[in-house]
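Heads up, the thing below is written out as structure tokens.
Naming follows writing order (A, B, C and D), and every chain is counted from residue 1.
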Amino acid sequence: MNGKPRVAVVGATGYTGRELAHLVVRHPSVERPVFFLREGADGERRADCLTELYPELRGRGEAPCRAFSVDAVAGSGATVAFLATPHEVSAEVAGALVDAGMKVIDLSAAFRFRDAETYAEWYRLPPAPAALLAEAVYGLPELHGAELRGARVVANPGCYPTAVILGLKPLVDAGWIDRERGIVCDAKSGASGAGKQPKRETHFVEVNENFRAYNVFSHRHTPEIFGQLGLGPGEMMFTTHLLPVERGILATLYAWLAEPRSPAEIEALYRQFYAGRPMVRIWPAGELPELRHVVHTNFCDVGFSLDREGKRLIVVSALDNLGKGAAGQAVQNMNAMFGLEEVEGLL
Amino acid sequence: MNGKPRVAVVGATGYTGRELAHLVVRHPSVERPVFFLREGADGERRADCLTELYPELRGRGEAPCRAFSVDAVAGSGATVAFLATPHEVSAEVAGALVDAGMKVIDLSAAFRFRDAETYAEWYRLPPAPAALLAEAVYGLPELHGAELRGARVVANPGCYPTAVILGLKPLVDAGWIDRERGIVCDAKSGASGAGKQPKRETHFVEVNENFRAYNVFSHRHTPEIFGQLGLGPGEMMFTTHLLPVERGILATLYAWLAEPRSPAEIEALYRQFYAGRPMVRIWPAGELPELRHVVHTNFCDVGFSLDREGKRLIVVSALDNLGKGAAGQAVQNMNAMFGLEEVEGLL
Amino acid sequence: MNGKPRVAVVGATGYTGRELAHLVVRHPSVERPVFFLREGADGERRADCLTELYPELRGRGEAPCRAFSVDAVAGSGATVAFLATPHEVSAEVAGALVDAGMKVIDLSAAFRFRDAETYAEWYRLPPAPAALLAEAVYGLPELHGAELRGARVVANPGCYPTAVILGLKPLVDAGWIDRERGIVCDAKSGASGAGKQPKRETHFVEVNENFRAYNVFSHRHTPEIFGQLGLGPGEMMFTTHLLPVERGILATLYAWLAEPRSPAEIEALYRQFYAGRPMVRIWPAGELPELRHVVHTNFCDVGFSLDREGKRLIVVSALDNLGKGAAGQAVQNMNAMFGLEEVEGLL
Amino acid sequence: MNGKPRVAVVGATGYTGRELAHLVVRHPSVERPVFFLREGADGERRADCLTELYPELRGRGEAPCRAFSVDAVAGSGATVAFLATPHEVSAEVAGALVDAGMKVIDLSAAFRFRDAETYAEWYRLPPAPAALLAEAVYGLPELHGAELRGARVVANPGCYPTAVILGLKPLVDAGWIDRERGIVCDAKSGASGAGKQPKRETHFVEVNENFRAYNVFSHRHTPEIFGQLGLGPGEMMFTTHLLPVERGILATLYAWLAEPRSPAEIEALYRQFYAGRPMVRIWPAGELPELRHVVHTNFCDVGFSLDREGKRLIVVSALDNLGKGAAGQAVQNMNAMFGLEEVEGLL
């Protein structure tokens, strides 16, 4: 499908929905976006227009808001729907929207796994219809760009998986890591990743001046990372931590190399792997990205440091969990699906 | 009453309750403190001991926890009860505890107003029994120290009122302010002042990197401040703001003086007023306290700056809203009531 | 002058310079921008291009960097120069650039005062040439938009003055304030306002979890505010505070009204005053802007709250000190000077 | 040596010195402490007493300040000297103080390595005299408590090493870790660990809302950790990160176990190892300490999580870098050296 997308966004009141709203209303090629609210659900409230929800958008962009129903979205004239909805809602409504001729970009986990059992085991929710799962494309454009062009359903990746997979994939694919020793992935995220629903764990006083690991060995992004990288269960340890900042994920990735390598070799491997992919920025050998380089952008920045023996490798991968880790990546997927410039509306 | 207080704390799971717990278990003169939890209320959960609620206290202090009832407290052998309970609970239970022979230090607003109508108007709650209100002492030891010794019920002041009243009282009493021009009180507080209950306004992402005024012209501490200072309704503007920090209140107080004064005169006025009051620290003329000087302490620090004409005066008053603004002051009140050193357990 | 501005930026390494860089390289109408560095001065270092200074700009925009000299700028083909330089450098070089046929937008204080004595008194620096001072336009487009079109030298206002003047000007001009009682302006700013030079006062540990007033009665923005509002020295108190956030100014402005007014009257006054000025957003009566509504934007948001008697008025004015308070406003001035859309490159 | 220590503190103006000041002036057994300032060095300024340096200490404790010289310290009547001085100053002056009959607790790295070559390689400074190095005790009381009693020179450990060593030592000593696979130590610290000297990296705007790895493969605490744990160079990767908080270190430690273990076995190992050591708190299996549990304390909290197979182990070790990581540990060492209660003045 070519031409200017007509966009429907379902669910605009979480942080991902808000970010999507900010991106979509200012995207040069998006025509007449409409937002659909699941009133009463998850704190969503009625609103007639976007600036009622987000006064900070006044003067920057506007769009009508309507009550959500599959028929309302299908009848809206939209050619693509972003689902910023809970997993179970996405699983339930995506099919009807596809049947109505729309493309669907789902920001939940409902379509991230071909394997319905893995999904059921980690999410404890009924999976999406098998046929739809089978055709869904995992929307990491740097890895699956070619498939996105014709896709009807795109599963927008998780925020941690985007950072970790982009940071490790070139090394894993090249077979440079000594996988018998194992990989360690120590990931840290800002609090917007924990969602907008007020709860004890994300109360200001509990997060501010604090730092903690959470969901150790049980984070639901685990199977997504292992699956996309093709790692066996004992080959990696993945831990998530909560940073006292609003935005951003920084993952520190540790691997022992199978053979000694030089910094130049490793930098070349990354540059070659991501050649022509403008949203992944490789840092010069020995320089490492910081959170502040990527927040409020759609970039994933990757840098590394190698020990003097060329054996111990530390990779740092950083992105904005609401940008490249969620809403920005969804827009990048839309750009790819509609034949637009990959970076349009994202710089 | 002299001797070592035997302490009961009712309600230990809010931030004030937690601070009280930290202070009480390490107070040299407090004997066998007991905590009473209102299980099921306000997120209070069952616990057998304090370190179950606050693991950070392990190795520093311990105390048993029990289910709250008036009888349980009255039968506990305690000689003083701190009520870290909602206004309406304090209003309801204080009398029975007094009747059982205990002293009560109430951290709610239930006993802060002699005038039941003001309380009803601002708090929209049934007032405490009139007789008890009539005998309650407003527990600002620097102003009402003499009355505390024999008091049976002490109303621990609000956090903002403590900062504002201590900052302005010497000037108001001396008649140095040109009250026809009006006083402005611009107060800022850390987020722990908004309580432990998770809500939208105190979600990390909403407070962090943000700053806002709130409850303008409607903050419930307003009548307490006006009343204690003896100001008429049009004589002051009082506004509160939410700072992206955990603790601390800093109030910037503006007044035009009736007659020109020198910095030395003003400093002398403050020093004389607070002579012998160790918990109020007066800063040298022209130097102003910062939040970091008072957090995690029971001090209220007061400094000022005067313009060259000696007419425009800016006073800064700072304290820890959980310390001198709540739990610390409650302990200071207990010390005064039991004839202990005013600063015991507070330095 | 019409058409697409060719931009030179002098001084790109302070926070204002960085913000200007981010805005300029992505401004749709700016052609071939060039940056000039005062190497060796104020921590400026040699660089060949912008992304060497700001790696976070890689993939978003680029521009060459050159060593600064008046001749280099004059010979660069630029039609407008932004001076993000110290006051004394601006005062010294602006004339030569004007003589070379360029328009100058100066972000320092060198051209903010017609009255050279006031400048000398508060800044203790030699003033700019009198003729240039006389023709300089105070670049607050909402107040002086008409004069900007033909201006050769524009003095970009201070960050605090922009917030305070935009918040108070409609009321002052309308004569609604009881000036005999006096106005209080309690302003708070994020730490980027204090500049990029590391110093004790802006060390992380000194700012984080802290809050303090500074430069009381001595802040150099004082005469700028008093002058633009036409206030006499005893008619206002203006105080600045340091917030533990990166960006943003929020000013709480207090005034007693000469006559009782209704909220609707006040809202109408503001809306009328700023009709057709898209970068000032008036909030509905009783609603107040927060810092998070304006950071990373070029808006100044103004809201107010009135007491029940219609006499005591509290106005809140908020903006991003690096946006509308500095670099964004400079670009807005450029847009006005070149006949571009006022908001171009700023939404 | 028994009895009440008479304390001299050399260097009171860094963050460690300030923390030491707070602890020492309120330590029940410390008699007449005296502070010696190296005026002119590292921003140290002249002061006659401690509250001149730290106004927040007014009313809480006081001590005289004098100009530093070895003779002044030796002649002060002190029986123990804390050196909160640069490495090279400690290396130079410790011997003379020992010769004068004092005990020395050095907070620099000058005495942390028996091996002068390792010190010279990593610190690029001349080592302390060999005889003094040979007798210096590494002041981690939980490991070397017995040697502290008679020690004349104690090397207070680094902040990161304290957290990492206490977290890993029981496992390494028990031989439970599969060392051929390698250990990963991902450590994060608050900004006070970077010192009080203002610099670009610790400027508020650079740290706030940011997160970054630093000194990868080159942090000077590396050899201290490897040495104390007896690890070979390829057996561990150790990385440090800067958290946007004032205080605290949290280290996430990753190991593959040689044989499967149960959570109960691991918890028992830790509890047994630290039996009778009150300043290390072991968390129940599966529960992990957070930064907020340890800041402003002298505890090191250790918790762990084990995968279902009992093979992959994640240990979290947390402490306050100024407490157990520096000044608190120094006081704990003093307590041990003087036969006082280990926790005295530290709860």
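Keep this in mind: a residue touches a chain if its C-beta (ideal position, glycine included) is under 8 Å from a C-beta of that chain, and two chains touch if they have at least 3 such contacts.
Predicted model only: the values in this text are computed from it and were never measured.
Shared contact partners of chain C and chain D comprise A, B. Set against the Cα centre of chain C, the chain with the most distant centre is D. For the interfaces B-D and B-C, the C-beta contact count is higher for B-C.
Chain centres here are Cα means. That of chain A falls 46 Å from that of chain B.
Chain B and chain D have centres, each the mean of its CA atoms, that are 37 Å apart. The distance from the centre of chain B to the centre of chain C, each centre being the mean of the chain's C-alpha atoms, comes to 40 Å. Residue numbers of chain B whose C-beta contacts span two or more other chains: 206, 209, 244-246, 289, 292.
The touching residues of chain D, when paired with chain B in their complex, are 26, 55-56, 58-61, 209, 278-279, 281, 283, 289, 292-294, 296-297, 299, 343, 347.
Residues 180-182, 184, 186, 188, 206, 209-213, 216-217, 234, 237, 239, 241, 243-248, 250, 252, 254, 256, 288-292, 295, 305-309, 311-312, 314, 316 of chain B are the ones touching chain C in the complex.
Against chain B, the residues of chain A that register as touching in their complex are 15, 191-192, 196, 198-200, 202-209, 244-246.
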